[in-house]
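The letters A, B and C name the chains in turn, as written, and every chain counts its residues from 1.
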């Protein structure tokens, strides 16, 4: 382990904001870049952006890289690291510095009883709930919610329109989603506690990827956890079940960063990106990557240039 | 399943980066494997009771799924390249240890005795007589474990450090065979080239075998 | 570390963990089923090829280098390719496991056949034996120890690699490894890994026992050559 990482790890664990603010000073003493310091941390040494194991998150990672690059901050992107359960500890340990996240699910990761469902409330709650050393920056206009889908045939056959309807089929249907759904509130835990829904079986598949979509298509699972921005939902005419009791919180895209790396430059660059990135745009970009097989880094670069985040 | 050939020329840079990424995980793994296996093999060779234990343990390591080794290292080495290298190192040990022990076994007792008779201390005998004579067998192990390490790097793609294996994840998620084909072909080629390079190194390092042949 | 091992102990011994569709018993059987079928199919393909090459001496270069190729082939890539070609089915699992096992068995079968003393072979022919009699009554019994070594090695590798079934949504002990990774539940990962290792070792010992029984009434074939 090199000294900078060790230091970063120590600082990430620092409990008082003033202590974290020193990081700029200590870093410059070590001579790896001047300045920074403003707004808590310093981005002078560059940032490592990690992303979770699904394509949209890759795309978001590259968008962050573009926005930060446009502000003169060096970055590298580590795509496809794993589920939230894997990447958050990596962020806390300082293996990575920045992650594209989703408000509601991120909050529930740290506080599985959090009642907030609205974007603004979630943001405040996140500020409180995030462990020392981590910080949530401004959230984007874009939102990608977890949705639980059934095929049109299943919906018609059992009269399924909302989560409440699932209760009538308790113990009969098969639920598919990523393995982590088994223990998540936005997953089996919440469906059971909030709606009293139980399933015949849980199949561990992937995060709105080829496994879960293939299984839904084939009929191997009846209910599938997908992402609202997934272009395949519309393409296949799948039915998104309604959530009358608001189990699934708002899921605006939100950058989570190690405080030691968060300075004004980073905050402003990512806020600017967040303001320009709408749900519609995100869905369109996903389609370019998933359907038209464009490289996520190129899609991100084009989009950032078109929206004035970088110079063409 | 169609391969989009136009993809290849557009991604030469990416493929080069991933290939170097791949090598920078596989090569240190084999080197560290050797650094650990050779001393252990010397011990296993000298201390008979330990021989079975060490070889047996290394065989057990081989039966553990490689993906599990990477995951179990996460709390210790984090989500870093170190985890990928360490996991692979563990996996190379089986072959390297076995071959090094066999190599040392194959050294004629007379060669060892001659060296000792000439007043050489055990360490000197080991370095100047035994290891050079065992070299071909050890190198056979290095070749096998290098090829294995290169093909196994892709398993580390489950924790984001798979080198060319990242192309497998990408193709899988996007239902896009082209990057997967690229990854498989390059990984195979890399193993082939590495094997050829090791054969060349062995040839260069053993002039006495060449003269005899 | 100690805590992890204690939890592993609980995980491995709790009755609840052993039963049900996600229980160890089910997963163990699934894993055994994938491994056994893959090894069997691989043997059915590889044994005739290895015996033929060994008997005729043609294609020796292929037989010797095939195992190197098998080692070089990245299994994750092969699984992914077959998955993209065949969709959600068992094909990716079986194709990649068979592809892993075939080279090992071919190379070892050939090595066993190549090690048969040419004089023994000639003597058999001299006695007027037909080619199939030479193959099955003379060469095969002599080559059997190395053939069995190949089968055991293939079996071990297949069991360790059958973990990959879980990557493409199926069962087996790999379920614990992949789900444990996603849920960051190290006890589950460790439990899965230990069970795979134990299964691989147990099968290897079983095959070794079969091998010993088969040779009990026979003079040990001379491996010195």
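To be clear about the criterion, contacts are C-beta pairs under 8 Å (C-beta built on N, C-alpha and C of every residue); 3 or more make two chains touch, one makes a residue touch a chain.
As the structure is a prediction and not an experimental result, all values here were calculated from the model.
Among the other chains, the CA centroid farthest from that of chain B is the one of A.
The chain closest to the protein's centre is B, with centres computed as averages of CA atoms.
When C-beta pairs in contact are tallied for every pair of chains, the largest tally goes to B-C.
Put simply, the C-alpha centre of chain A and that of chain B have 37 angstrom between them. In whole angstrom, the spacing between the mean C-alpha positions of chain A and chain C is 41.
Between the Cα centres of chain B and chain C there is a gap of 21 Å. Across the assembly, chain A contributes 82, 86, 89, 210 as residues in contact with two or more other chains. Across the assembly, chain C contributes 83, 178, 181, 184 as residues in contact with two or more other chains. For chain B, the set of residues that touch two or more other chains comprises 74, 157-159, 172, 175-176. The residues of chain C lying in touch with chain A in their complex are 21-22, 83, 87-88, 166, 168-169, 175, 178-179, 181-184.
Contact residues of chain A toward chain B in the complex are 50, 53-55, 78-82, 86-87, 89-90, 93, 95-96, 206, 209-210, 289-290, 293, 295. Against chain C, in their complex, chain B makes its touches with residues 1, 60, 62-69, 71-72, 74-75, 144, 147-148, 150-155, 157-159, 162, 164-165, 167-168, 171-172, 175-177, 180-181, 183-184, 187-188, 191-192, 195. On chain B, the positions that touch chain A within their shared complex are 4, 7, 11, 14, 74, 78-80, 157-160, 166, 169-170, 172-176, 178. Chain A makes touch with chain C in their complex at residues 82-83, 85-86, 89, 178-180, 182-183, 201-205, 210-211, 214-215, 218, 220.
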